[in-house]
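In what follows, chain A forms one complex with chain B and a second complex with chain C.
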Partner chain A sequence: MTRALLRRVNVLGLLTLLGFFLLWELLVRTGILRFEYLPAPSGVLTAGADLVSSGELPTNLGHTLEATVAGWLLATVVGVLLGTLMALVRPVWVYSMASIDALRSLPIVAFVPVAVLLLGFTTQMEIVVAFYAAVWPVLLNTVAGLRAVHPRLIEVGRVLRVDGVRELWKLRLPAATPYIVTGMRLGLAVSLVLILVAEMVGNPSGVGFALISASQSLQPEVMFAYIVTVSLSGIVLNALLVGLVSIVFRGQMAAAGEK
Partner chain B sequence: MSADAATTPLTPKESAGTTAARAKRRRGGAPLRGLLPLVLGLVLWQVLAPAQSPYFPAPSEWGRALLPLVKDGSLLTAIGWSFLTFVLGLLLATVVGAAIGALIGANRTVDRALGPTLESLRVLPAAALVPLATLVLGYSMQMKLLVVVLPATWPILLSVRTARRSLSPVLMDMSRTLGLGRGERVRKILIPALTPSMLLGIRIAAPLALIITLLVEIVTRINGLGGLLGFAQASFLTAQVYGLLVIAGALGFLVNWAVTHAEHAVSMRMTGGAAD
Partner chain C sequence: MAAMSTVQKSGVAALECQDLRVTLVGAAGAVDILRGVDLAVQPGEFVSILGPSGSGKTTLLRVLGGLQSIAGGEARCNGTAVSGPPDGVVTVFQDYSNSLLPWRSVRRNVALGIESNCSKQECRERVEAALAMVNLQASADEYPWRLSGGMQQRVQIARALAMRPSVLLMDEPFGALDAMTKASLQDQLQRVQEATGTTVVFVTHDVEEAVYLSDRVVVLAGKPASVGLSLDVDLGRPRDQITTKERPDYLQLRHQVYAALGHEVPR
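For the complex of A and B:
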């Protein structure tokens, strides 16, 4: 039993990771690795602990995550609604898909200056940026998922007299759920990055701004602490989403062969 | 004019779509009629926009606002810098990613040992690295490249690693039986076998590299298209921001198109046209 568990946990890999940190610490302490602003891992840890106890890090992280999740949830709702419309009503797809392709090829970061111009240095601006970043993957995955529904499923539904709204709700959307979830995961990752950019160039709050001000006040430990926290919260958000989905949409995910 | 810039880049892909089979078209490429809402929107914008609007200048203003940048050559220089960063970054990412991916994928123990380290490096958000990189490396080309290369390496590395792991051992054994030397084995067996996965990785990494290039430039305001965008935004030149946005979009489309076609061409050549 414990053996099987040990096999699942990649002990060797975790040890290697730990080894890298030790090596880093050692190289910085002995002065072999001499970059002017490269802190040792221990320095990052103490800086992180200070930031947490002063409440600075939780506040900034909370702001960033709130804006990210708000924009992303909005994007999910809009993306799924529009995606459903596009996938089910053929003319809508014909007369909009190419426009969406064209808009999508705009590099998303280039949209940040526009958002800053239009909405100023506000939290709304951040939410709009997160929304814009996340809406494309959700929309496109919803379209792809709904179009990939096997025709036989619909035929079976017809035989059982499931049609109209019930067909959409009981057959099509559940079958497309794994695709939509993939879109949501992609969207979450992108909107977190874009929120950071928005905070760096625009709204003076949140982790992005904290990173910039730490850079200007030459505090690399603080920056590392923030970077680590943001990375971890990205992982946690993703894991939360995956966990929640596997509980709520258990059947749908199992049908698609995902766990 | 700006409407042109936004719509014309679509034609190459679409014309390729029309020559392909109908069935393929139904699956993939969207019909050109779909551009109608975009064009209509731009036309409406042009007609309805108030003169000298501070937030929504008419599309015709966008081109006019770009003129000074074109005249003093700064637009072209900026595009050149961005493109150079993008190409160099992608090249470096390809070399590093393919090499590390092939090495790691060849050995299960190494693969397991480095897995978590690579995973934790992978989740670092590129944007968060920018201020750190400027602090350590200064506002330089090296800094730009580092920030572009790091995230662009992962898709290539992971793709090549998976391909190398699932490569049939028979392929390597056979070459040994045939008495091929190490160099020949790499050149004649390994590289051709791993090229498709590398190309797949590049196709994902290329748009990413472009976005990160613009991101670094916007955040740090150093030379390049993103730098121009940042300056235009900071000085409230709204029309210029929109104009630059269109140019960035065209660049993005061009990169996507080039990468997709290059991948297709190479895989056609390698399989003797059997891929399609």
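For the complex of A and C:
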């Protein structure tokens, strides 16, 4: 297990990253790179450590991640349900298609001020924003996945008397799972971004707000520490999702060559 | 009327078509694929359907399996008109890779048709029995896409057998397999049919396979196609890949089928 995990770690890739940070440190220290507010990586590291020990970073990160995951989970449930309805019930598709096209081509960022105005500076507002961001990829991938089910599989279902809800549950949804998971991964990434925007624009809490206030109070080390935190948590969230999915939907993902 | 008389002679046919007409809508509009097809398959009979490619063999099988609607005439299963897959009739498709559920193990693929209406215990027993019939117990917990083509097709056959069908409809089931695998699966199918007494309708484009396996060979001919030849195969059972195929009457039947398919016989 640990050996398999070790083999998956891209050592050369990580070395490149380390080299980049060393170069950055060097360029800032020697003064070749001269910006008034560009800290050296070592400074960022110390600032980060201080933020962690003071409890400020964990609190902010916790707030951001909670809102992201809550909105995204809600989006997954709604997206899969609606997507299933749209893919399988013709009238739902016909009636909703125009509205969906209009809504999803609206840049999601434009929705943030609307949410702030309607819901105020609340966590609910953040959750709604994360939900709105994530629901489109989940919905559209669910529709695409269900549409891509091979017709032979449906015939097999008819021949073996797997019909109605059982057909959906045993044939169509499992066949569409790799698509739905792709939608969930896209949705997770987008919700995290949109939550940050929402926190920057409005809500006085979370990583987005901390970033803005660090920038305004001229604390570049703190700002960069938060940036690094956000990017790491994006990676960790995605890895968690991928890991969880490959356990829960082992067969589906293995069949789709994801393992 | 000829078909009627055979039915009356031998009771209710397992499957029966009368003056069947099937129209498929293609890019060039509606085309009659089958017209005036009369066919009766008796319970326990093994009937092969042969014909040039595109002659409508698969279409005929889909009609019998309740997967294709008809434009005229009648299709009946045990005396009742076919609308949707009839009870006790299971189709095995040629493209096993699309027909198996890649996310389910072999065992769970085989259980697919029975898991909802059997007790856990009965389901397990029937799955084991079906796997044993096609000799797949050793791969029961593997994913089907990790298996060879022949093994995958055996999974599909086991899944059909687990349903305990009275009629098995097989659409070129061994068409995509190599000669060795094909021969061994033919013999396995013979044994299974002997043990279960299942009625089999078997679509193939392989003349030797049809004669070797069947009690009767039906050749589709014409465009739109109808039954051009219906030939009883009295070769006795069990049959053997070597000795049966050396018998003069086997060669004679093979000759007749090739001729019915339009091959010129050199003099």
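Convention: the second predicted complex is superposed on the first by the 246 of 259 C-alpha atoms of A that agree within 3 Å, B and C clash if a C-alpha of one lies under 4 Å from a C-alpha of the other, contacts with A are read in each partner's own complex, and residues count from 1 in each chain.
Just so it is clear, a contact is a pair of C-beta atoms (placed from the backbone, for glycine too) under 8 Å apart; a residue touches a chain by one contact, two chains touch by 3 or more.
Keep in mind the model is a prediction, meaning the values are calculated, not measured.
Student: Superposed on chain A, are chain B and chain C clashing or fitting side by side?
Tutor: Overlaying the two complexes on chain A (C-alpha atoms) leaves chain C and chain B fitting together cleanly.
Student: In the superposed arrangement, does A:155 touch chain B (first), chain C (second), both or neither?
Tutor: Once the two structures are laid over each other on A, A:155 reaches chain C alone.
Student: If we overlay the two complexes on their shared chain A, which of chain B and chain C does A:215 touch? Say first, second, both or neither.
Tutor: After superposing on A, A:215 lies in contact with chain B but is clear of chain C.
Student: Which touches a greater number of chain A residues, chain B or chain C?
Tutor: It is B that touches the greater number of chain A residues.
Student: Give one of first, second, both or neither to describe whether A:247 is in contact with chain B, with chain C, with both, or with none.
Tutor: Touch partners of A:247: none, neither chain B nor chain C.
Student: First (chain B), second (chain C), both or neither: which does A:165 touch?
Tutor: Once the two structures are laid over each other on A, A:165 reaches no partner at all.
Student: May I ask you to decide whether A:177 touches chain B, chain C, both, or neither, giving the answer as first, second, both or neither?
Tutor: second
Student: Minimum Cα separation, chain B versus chain C, post-superposition (Å)?
Tutor: Superposition on chain A places chain B and chain C at a least C-alpha distance of 11 Å.
Student: What part of chain B is in contact with chain A in the complex they form?
Tutor: The touching residues are 6-7, 9-10, 14, 30-38, 55, 109, 112-117, 120, 123-132, 134-136, 207, 210-211, 214-215, 218-219, 226, 229-230, 232-233, 236, 238, 241-242, 244-245, 248-249, 251-253, 256.
Student: Spell out the part of chain A that touches chain C in their complex, as residue ranges.
Tutor: Its residues touching chain C are 150, 152-153, 155-156, 158-162, 166, 170-171, 174-175, 177, 249, 251-252, 254-256.
Student: Tell me, which parts of chain A touch chain B in their complex?
Tutor: Residue list for chain A touching chain B: 10, 12-17, 20, 35-38, 93-103, 105-114, 116-118, 192-194, 196-197, 200-201, 207-208, 211-212, 214-215, 218, 220, 223-224, 226-227, 230-231, 234-235.
Student: Write out the stretch or stretches of chain C touching chain A in their complex.
Tutor: 65-67, 84-85, 90-91, 93, 95, 98-99, 101-105, 112-113, 116, 143, 145, 159, 163
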